[in-house]
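Chain lettering (A, B, C, D and E) follows the sequence in which the chains are written, and residue indices restart at 1 in each chain.
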Amino acid sequence: MPRVPVASEDERKFIVDGIQSDFRLDGRTSRMYRPVLLATDVVNTANGSCLLKLGGTIVMAGVTFEFTRTSQESPNEGRIEATVDGSGCHSLRIFGRQRHLFTKQISRSLNYILNNPKCFDREQLCVVKGHHCWLVHVDISVLRYEGNLYDACSFAMKAALSETKVPSLQVTHDEETSEVTVDVCDDPFQFGLLNVSNLPVFISVSQVSGIHIVDTTLKEDSVTLARITYGVKDNGNIVYMSKDGGGSLDLLNLRSMSKVASDIGPQMNSLLLDKIHLSKAKQPLWGHVNENLLFDDINFV
Amino acid sequence: MSSYYCVPGDRLCPADSARPGPGTYEKQGCIFASIAGSIKLNLSENELGAVSHNKNTSNNEKPIITVVREEHQLAVPTVGLLAYCKITHVSPRFVRCNMFAINNQPLKSICHGMIKREAIDSNNKDTVECSQKFRPDDIVIARIISLGDSNSYLLSTAEPELGVVAARTSTGETLVPVACCKMRCPKTNIIESRKVAKIQNDFIEETER
Amino acid sequence: MPLDTHSELLKSIDINEFYKLCITSTSKRPDSRSYLDCRPLKCLPNILQNSNGSSMIRLGNTRVICSIKCQLAKPSLKSPSCGYIQPLVLLPRTQAYTSFGRRTQIINNNAVLSQTLLDIILKSNMLHLDDLCIEQGKWVWCVSCDLFCINNDGNLLDCCLLAIVHALKQTTLYTVKIDSDTGKPLVYTKEKLKLKLYDEPLCCTMFVYDNELIVDPTLNEEQVATTLIHVVLLKNDQICLLNKTGGTIFPTEKFQQCYGLAKQYIHSQRQILEKANDSKTVE
Amino acid sequence: MPDSLSSGQQHMSLVVPGTILTNDTSNFMRGHGTYLDSTKTKLKSSVAGCILKVDRLLCVEPKHMRYIGEVGHVIIGRILKVDQTRWIVDTNSRLDSYLPLAAVVLPGGEHRRRIDDDERNMRQYLKEGDLVSAEIQIVHQDGTLSLQTRNLRYGKLSEGILVQVKSSLVKKTKNHFHSLPCGATVIRGCNGYIWICPPTAATASNEQEHHTGGYVRSIETISLDERKTITRLSNCIQILNRYSIPIYDTSIMNIYSASLDYEINQSIEPKIMDILAKQTLATQENIGTYE
Amino acid sequence: MLSNTNCGWVDGPEELFDPLQFAVDLEMTDKSSDNGVRDVNSLKNDDRVFISKGLITKANGSSYVELGLTKITCSIYGPHETTTDESYSKCLLDTSIKFSPFSRPKRIDPLRITYENSNEMDDTEEAELCSMLEECLLPCILLHKYPKSQIDIIIDIIQEDNEANLLSAIVLSTTVALIDACIELYDTVVAKSLKIDSNLLTVCYMPNLAQVSSLFFDGELTTNELDKYVDECIKQCHILHKAICKVIIDDLKNKDQESKQTKIA
């Protein structure tokens, strides 16, 4: 929760009244998301990248690969870790000292769903069982924060991973001297893709005076009593759940909130997939990244 | 009387049969305990069960229900309470001090207080000189008049009963009060000027409470 | 007990005044002890499951947990046949939140206490570092004694030393054989053998308050005390360490008195330790 | 933004840092946003913006910048902190601004003594997070602003929406308090904070201000229609800001009337925003310039 | 951060090896240290609770809790004065959780135990526990009763049994300590974790107000299954709550009797 005042008492009253009459500050209804804009493959240096706008919240995700040895406890799995960095974002300053805790919390949540075998199978990152695997970094940097960073980050992560090009390798296994040699094949147009069909998206449901709203803006956060962030798969199953906001909930609210999440989750999931397809189709139109066009809406879908 | 005990969150009684006192809070038309301790009802020996009968009593004759812990109470600086403090720094406009006890309950960690010049003495406010009223390391009783800003609480000694209760000379002799604004060193009869607290019995009761 | 508000107030105003008043009025200490009797002592062996040996010492309100962990290490080049022993005292972090000492101060106290304990252990040769050697120049045991103070109410050195001795008595080591061709150690967790102890140094701390010797100071008393005296005795009542921090000058015959006090004080300690061990063996 | 050039400011020429403004340094004085190069012969601009020429003084006024206050500006600020004798206010300017207790008309009349317990009760009048409309009284050397709300038009703001826009889009005019025909009141703060509130509340508070300066909270809740107008206005103003179209009551009304063909929650979708912006620009071309 | 010399010895070994990693006969020890296996039935037999109060004398309130084999001390400081402007109307919480060097089968390097508060090192496991704990406590403390002040909650994990009941034990100890510190609470909050195969659910619950103050889930379930899990957790919470109340009230009774006797004497 923000550390400097965001809205005065009367403003809060205004917001709450609006939510109770199902008419929010920007005219949305309680179950409506702000428009999602997506542009994929925006950074040459990353294997996969995307720029995602959720209303005023803008995040950029980049996926890079690193070649390492497998760990002892899981010999035939690769490793993947997400980090959210808000240090470049001016509008996150309202969190004051807590700013880093906030981004760290989000990256923690993202890592939970990445390391959950039911959401993402890390065996596809294994190159040689027990020897070599990929260490995948998903770096998400927050460019602008206007609420609901959890969802934006999860959308961006899924979009970036779904169009990530896995460098293809040739593994030659020598029998007598049980040596494994791995070399990257130099053809840039030869690559594999990751399977992220099970990867969930975050749906944060906030409770404001008994009404459950999604995709809260910064000002709406200042009247939020409690918020639960759900990780929802495309089949509506819930794979992650954590609460913040410093309020408490009774069981009825809890139930209805999880219902809301599992209803909206699949919708957002499919919407995101459509966007990903569209932007993939659109990429040839404007070729590779072109910084001064980057933030122009015509490049987004 | 056999006392009832409760833990925080225990429902004590409906809100219309009593008034919430210290250690309790009211929510959803009921009074709950907010600390662990024994339940006390003032102005009526009758037990909890009996209270719920006289529902239709008007507010002022409702008993106040409180929860108390004999062996350990928590001292929180609140406006209107009396604080023991030790003067740390004297400047022309104000006096800084450390509160170490509130209503005779020692604080676990000291709080910073400030007595403004105009809050030192009730009579002839404008001619007050801080250095003539307090000296560093004096022990002073003062009343908390405001939570002040983020740095310090605001205190006042503008009552005859408030002011210095114990002071020493630079040589470490304990001064004895001789008048409302004078203290004398017993060894070398030097008179030092202080804002002396006039100790009265009823006032002592107040601090004891 | 009903708290006497005025003495409490005085305590919070000026601890020295308070103490003087208490001593002069009733020639007893604030917790109604006489000068020469110490607080109730309790010893619990083997309270931790994750360590080779452990103990908890409770002296009045002071509680110390000692955990002995034995790990494998490479010996230093100076002394290839000697193992390591590393006592480490951790004062309660909670002290950093009260007026008692800032953080750096606490860290320094940790260092001082740990060093003193190390000296005592080595000088009193209660255990020989050669016993900790598995294979010369290759593998030795590193015995790390973590002393974790749950609550510090004075007289920490006595407690820590008690705790270490008590825990080391419990300590068992795995038998280790060295694989001849790979040089890797092979650890047999089933077969354990006790750590050999050759002596049991124990400490008695006392302090002087206007020419009175007072035993087993509490935290407040350590503040008002003008000088602190530590006497560490071995089993055969030989002095292993005698330490007097500055403060008052002090006639030599006083030291005889100290020695006498320490003797009886430590005897009682030993008895309690023995009892604790026996009771544990009975279980 | 694509349309920033066609935003009715063609008569001012835009420059980027390092552009040579003039070669004869004798006849021109160096103003804000300009510097003399090492040879002391050329006057160059140090910021990107439009040239401002006040007879011999050459200034360059940056397009995007934090608000730089001038005496007499009507601004809107948010209370950050309550200090001993003053409120610390955020006014989107480089440094925090101050609203001294003496510069506020307190409930119960003009000039009253008993300053000491006013100091104690400052939080009752304005506390952290509250919004005030005020006028800049002094601009200090370092750029710190001190405000005043002595005039009864100013004071605490009650229910409504605050929209933050680029301060360069709000120009000082005679009137900054517009009660628009569509049934809402808009206060255009020169610091880029724009306040939209229902007319009822505004007038009510106006009446109150004659006694209290708006320190009494209005009780009546806002009807849904009023709320809709306010929301539509706030969305429209955000579009104006996004396409950096200068914000006057006329431009606001233009885009508002244009937006009426769409649902309110459509007006946050990029395509619709684009269309609306284009339409308003077109209408303004027809009407002509603003001043 | 403490440097090596600060810690009392200078010539320590560069590297330490856990003997168990060379063990040749490790089957049973391995099992015992592995958590996932025992947790299935842990929700029956791990409920052995031991609670004691007020053992840390300098603190306002403190507690020592054993839940199963997990041993935890908690001490409360404050509410004491703080100078941050954020806390003018409400009270701030500052939690700091640390693992003792011997809390885990593998020794934790004590050099990591600093005397700073937890905000500096913010990506450790301790930090995560801290944020969970704060989330769970915020709804149940009457923060507005302690303006411009701060409550420090310091927790030392002496021994960890399994991750499933760690948070539950932490919350339990904190509640008892808060009660001992006489800080006003809306309710005595209790927490319970269920770990059934790969699903880990933790619920912090306030029984009297029937409010969930915090919850965490990792795994995969449909909403209906999830609701069932939550119900089960809450049932467990009620049992735990009874236990606490009994302990606290007995403790109060004893204290009063003592004080009466002293009055008579």
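Here is the rule we use: a contact is a pair of C-beta atoms (placed from the backbone, for glycine too) under 8 Å apart; a residue touches a chain by one contact, two chains touch by 3 or more.
All values reported here derive from a predicted model rather than from experimental measurement.
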item: Shortest path length from chain A to chain E (each step joins two touching chains); value: 1
item: Where chain C and chain E overlap in contact partners, by chain label; value: B
item: Central chain (by mean CA position); value: E
item: Busiest interface, counted in C-beta pairs; value: C-E
item: Interchain centroid distance [CA atoms averaged], chain A/chain C, Å; value: 53
item: Mean-CA-position distance for chain E and chain B (Å); value: 35
item: Residue numbers of chain D (touch at least two other chains); value: 128
item: Sequence positions of chain C contacting 2 or more other chains; value: 1-2, 98
item: Parts of chain D lying in touch with chain B, wherever the complex brings them together; value: 82-84, 116, 120
item: Complex contact set, residues of chain D against chain A; value: 2, 78-80, 128-131, 157-162, 217, 221-222, 224, 227-228, 231-232, 234-235, 263-265, 267-270, 274
item: Residue ranges of chain A in contact with chain D within the complex; value: 4-11, 13-14, 17-18, 21, 23, 25-29, 32, 34-35, 37, 55, 296-297, 300
item: Chain D-facing residues of chain B, complex; value: 116, 118-119, 145-146, 149, 154
item: Footprint of chain A on chain E - complex, ascending; value: 86, 119, 122-123, 127-128, 131, 135, 138-140, 198, 206, 209-223, 226-227, 230, 234
